[in-house]
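Both of the next two complexes hold chain A, though its partner changes from chain B to chain C.
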Partner chain A sequence: MGLLRYTIYRLIQAIPVLIGISVITFVLANLAPGDPVRLMLQGQQADEELIRTIEQRYGLDQPLHVRYWNYMTGLVQGDLGYSIHRDRPVADLMLERTGPTLLLVLSAYLFAILTAIPLGVIAAKRRNEPTDHISRIVALIGVSTPSFWIGIMLIIVFAVKLGVLPSAGLVYPWQPPEAAGHGSYLEHWSETIRHLILPMIALGTLQMATLMRVERTQMIESLQEEYVKLARAYGVPERTILRKHAFRSAQLPIITIIGLNLSTALGGAVLVETVFAINGIGRLFIEAIQQLDYQLIMGITMVLGFMFVIGVVITDISYAYIDPRVTYGERD
Partner chain B sequence: MSSEPLLRVENLKTQFFTESGTVRAVDGISFEVNEGEIVGLVGESGAGKSVASMSLMRLVEEPGEIVGGEVTYKGETIFGLEEGPDGELRERDDMLSESEMRERIRGREIAVIFQDPMESLNPVFTVGGQLREFIEINRDLPKDEAKVEAVRMLREVGIPDPEDRYEEYPHQFSGGMRQRVLIAMALACEPNLIIADEPTTALDVTVEGQILDLVDDLQDRYDTSFIWVTHDMGVVAEICDRVNVMYLGEIVEQAPVDELFYETKHPYTDALLDSMPRPDRTVDELDPIEGVMPEAISPPSGCRFHPRCPDAREVCTRVHPDTLEVDRADGHPHRAACVKHDVFDVGYDESAPLEAGDEAETDVGGAATDPEEDPETPVEEEQASTDGGERPEGSRSSSDHRSDVGEASEASRKPENEPGGGESRQ
Partner chain C sequence: MATTESQLDDQQPDAEGGSADEEFEARVGWRYTLKKVKRDATARIGLYIVAFVIFIAAFAAIDSNLSRLTFGALSDYTAAQALPFFDHPTRIPPPGEGNPNQPPMFLDGGTLSQPLGTDPQGRDYFTRIVYGSQVSVSVGLAATAIGLIGGTIIGSIAGYYGGWVDDVLMRSVETVYAIPPLVLIIVFTVFVSGGSPDIQYAVIGVGIAFIPVFARIIRSRVLSVREMDYIEAARAAGVKDRNIIRRHVIPNSFAPVMVYATLQIGVTILIVAGLSFLGYGAQPPTPDWGEMLRIAHGRYMHSNIWLSIWPGLAILVTIMGFNLFGDGLQDALDPRIKN
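The block that comes next holds the complex of A and B.
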């Protein structure tokens, strides 16, 4: 029971955050120079009459605060608005585009976690040995290299020179294989993975580098704890100490970093999607900004904000799961 | 006194190789633990007690290292060096390997009760789970039997509702309860020797009393030997059979507990006893030991206690006393490392006192001296000059004339007046 109540409580707490995001985005988007209606009618000759009609139809003739109010009342009722440029409801566009982005971000995280944690543990165990130095250099490069550059390099090496992996697009695992022209699910899903590998590495490298360093620091600290000495004094094998006694308490900061870095990962997805021609939210976002598609910009920002908030809530919940000293706000 | 002691430690040396120099944390200590005995290891903070006890299990951590001596447990060599064909010291063939230490000695034969109950339990695992794991490892019991045993041990050490408490986490336990858990861990593995590293220091007095009673009781029942590491002479008097007093990495006095208290042979032990609060004395009558213990990185020349010693004479600044037998009681030797005893024969009686007062004049082998509060000033000055004057050379010089009595008495014929005199002989 505690878990459910805690989750609801945290989600309610997130509402002011989301309102803040909406105000800032709404103001910024409307302050940007340019006129969406003229942009929509690009090139075509249009008289002032028509422009005013279009403005009226989408409520663009109203003052800013009225438009914000209208937008928010719609949002509360589940209406994300209507993209005037694409002539489709924003919600439909989001539904189409969220899947690929989530797939990309989650696989990038999976890649980062699965590589960073073992590497961090090994670096901590072999502290100041060659393994540690190599991992430090890798981490430094990973942190300081932009994801789009890594993406381009990966494409040049693996797609262009070696020709072993595809450089563009994704195969969606939730589609039926026939839709992508594949004979079986096995073929379909292996294509999914092949398409994912490069963008996943491009987006995941920064996360991996950060997590690896944090994991190393935490494990070094953890290995010096009294309870690790106690375990040694009672003949617990060094392997078990590394995997169990020192490991678990070292993971708390890792979880925090994962949750907080969700924002950089979503931001990185915008670039990586562009490099790898993935039709995710990121690309949609860039297009929306170029077209001054207010409703779409708002919709995407709100959805990304919501995803971030959910990520933080999940972080907090798993925190309480790993550390028994953290409770879900219960009093006993 | 049985023929072969359970644990024999001979001339054990553990050093820490730090950037500012070599710290001789344990510098040639020898003692024995017989079956069923509680042996005390007493001294101030920094005397090397904890390092010594960790050395016994070969658990000294970087940058520390055991560099010499021999530790024998039940005839097996826990640590021992020999000279290789190239003249370098190397580990002896019969020395237990790291995995043998882990599988046969640690926990199974020798267990430790750690000194910090707040930090020694893992916060993310249940108390019962941690206890059960150690039982599984060290008694080869399957999980379910180990759990039954763990609950039984928790009850044994006086934890109420052990079945419920088994599932709880360390943060739900008080300090005293956690200490009981640490004791339960040691006892549950059924070792023959338990090293208790200041297990009651972090506790308040009432809990300390309960824990001591508990250990006494359990020791009667299981006949486990203990090495009790403490700085508290009160605790020593209460539970120990024999006592080793440590000062700056060395054992300066070694005696059965009654002899130590009533026939004290070393001025440092005297000082420790005098600094102990007692109901029959007011705070003003307490005699705290003057000064602070010097660092083991540059110990004073000669006797390491001489800068703080009320009985110190000129000879004490030059001659480093080994721990020799000065008396015997009930078949147990009473050893002390103080040249004022006859057995040293280095000219203590003829040597000039280091202090202004006459009260330092003490009979050789005499009983407890009672220094007064006056002579503290010169003592402190000497200590300062010792520390400052020969820091880089200090550790080396004291090791060079760590010597047998013959060499020491030869050295004593050379007139040396400065406390740092050892340096000039090199």
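The block that comes next holds the complex of A and C.
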């Protein structure tokens, strides 16, 4: 099977999971006692006639399977539903908030990769030396600390006590500098970075710790491979061995871990956005939950699920692309 | 039927079994694992931390005035008020007798009787942190147990029968796995509770969200166990599938899952802390670490930083304990990873 056919095959395989996600979110959102309109009103008194009119207008008076069918036909056409609560299409609401979340998650991954890989390699090279022990302790603390607490601690140190970095909000690099009151792009973008540093570390620490552990284990294993021993016997310098022979084969599992951890990172974004008051998808989700805006909740859950599935498919495909040993068409 | 089954049980690889079984047992058995864990320094530290936290949690349940006992601090909690699973009519604690927002003992204005200071309502923070261990440990264990039981049932059935049963079960499980756990659990908690979330719903939600990972591990083990001779023998003797799964397949697939469960307790505590932090886990006045951080972050991040520090440290130490212990178990079971 060629790469293109493998890609199509993996995408087709993802379809049942995507349908499953829609069923789960739909069932959960409709599991609530009482109907969505009443739930949205949160116990406030409302005219029975008015409730019935709202229900009819949005098709909520129809049986569950009919509503699901309507929802799905809309979804296939790119319609994520309509938020009664905010009187706007769900897709529009989400699009507005996607940028900040993407910026946050991508920079967190960048931070994680740029720190984890060198640290993992050094730890593997100096196995059981002090450097290795320190990096392992850092990794252990990293996987044991809640991201939102790291965020709070960073705010306390760098914003409250030292006052060097901002504690809330984000400056959007895609906006013109004038909109944020900045004179030039240089000032605008440096503000973006300043706002991004703390949330990026808060969200990226868990990823960094996980990646570091994997990188270390992988490097230790690949440094014991036959071809590394052979290269050493030929007198290839240790640096070259590390860079050219051992390093490359150790990176494959890292890609898989990045893909699988996407789900944790997106969940973590909900927390980190709350701590740093960043108006991304995560906060939109929390707002939707607080308002029991169930169309919006469904839309977000669905899109996050889709993003994860597509992320895993992309990692699978890139894995197959990078590693010629991967036989196409095999699961896992 | 009963005799056939008990005879078949004897054919399972026991510690007292034949020489081949003995060798098998020597590599994967519990006794060997425990011995290795005892020798492993990190696992030992982890075990001590876990034991310490569980001891504190249990002790707090027995004596509701731990703080008074050890430090002479004033606290009006009772166990029923602190335990999240008891719906106590008077869950709102009486106001503490200390000053609100008192700093910890090593700062000016702190007292020895309130070692970590007091919260904005004047309640002793040390007592609340101690009670928090109870919430975290019980929540971690309960949610992991739900995931473990659910995952074991689904994974063993999927692995044992294979074919379309496997496909249907594992696809459904993958679907649950695809939604970010925190998001799925919040949606579950809010909608199932009808808009008034509490810790019970969070525990069930977390348990369900972690069924997939357990199901996958169990299934992969079952795939190899079901090819064993003793399963074949049981089937030939006419033992029902249900009994084969219950008495032979599950017990022999369990060891790696237990390791994973230990690590999972830490993850569960982490997620529930996040839930409470967002307001969808434990509700006030339950002394939950995540809930305490929510209050600290909301209003007191500038005026009283200590309110943010202690609960986070408590979470960190607890989760680190479970992680160290789990890592040690894993090293003992999988010598390939060991240095």
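Please note the rule applied: the second predicted complex is superposed on the first by the 305 of 332 C-alpha atoms of A that agree within 3 Å, B and C clash if a C-alpha of one lies under 4 Å from a C-alpha of the other, contacts with A are read in each partner's own complex, and residues count from 1 in each chain.
Definition applied: contacts are C-beta pairs under 8 Å (C-beta built on N, C-alpha and C of every residue); 3 or more make two chains touch, one makes a residue touch a chain.
Keep in mind the model is a prediction, meaning the values are calculated, not measured.
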When chain B and chain C are modelled together on chain A, clash or fit: fit
Partner chain(s) touched by A:217 [first = chain B, second = chain C, both, neither]: second
Residue contacts with chain A in the superposition, chain B compared against chain C: C
First, second, both or neither for A:152, with chain B first and chain C second: second
Which superposed partner A:184 touches (first chain B, second chain C, both, neither): neither
Partner chain(s) touched by A:234 [first = chain B, second = chain C, both, neither]: first
Which superposed partner A:305 touches (first chain B, second chain C, both, neither): second
Which superposed partner A:289 touches (first chain B, second chain C, both, neither): second
Lowest inter-chain C-alpha distance for chain C and chain B in the superposed arrangement, angstrom: 12
Shared chain A contacts, counted only where both chain B and chain C touch the same residue: none
Residues of chain C that touch chain A when the two form their complex: 171-172, 174-184, 186-188, 190-192, 194-195, 266, 270, 273-274, 277-278, 280, 290, 293, 296-297, 301-302, 305, 308-309, 311-312, 315-316, 319-320, 323-324, 337, 339
Contact set on chain B toward chain A in their complex: 57, 59, 61, 102-103, 105-108, 111-112, 114, 116, 119-126, 133-134, 137-138, 169, 171, 182, 185, 189
Contact footprint of chain C on chain A as seen in their complex: 16-17, 20-21, 23-25, 28-29, 31-34, 39, 42, 127-128, 140-141, 143-149, 152-153, 155-156, 160, 217, 220, 263-264, 266-268, 270-271, 274-275, 285-286, 289, 292, 294, 297, 300-301, 304-305, 308-309
Of chain A, residues touching chain B in the complex: 225-227, 229-237, 245, 248-249, 322-325
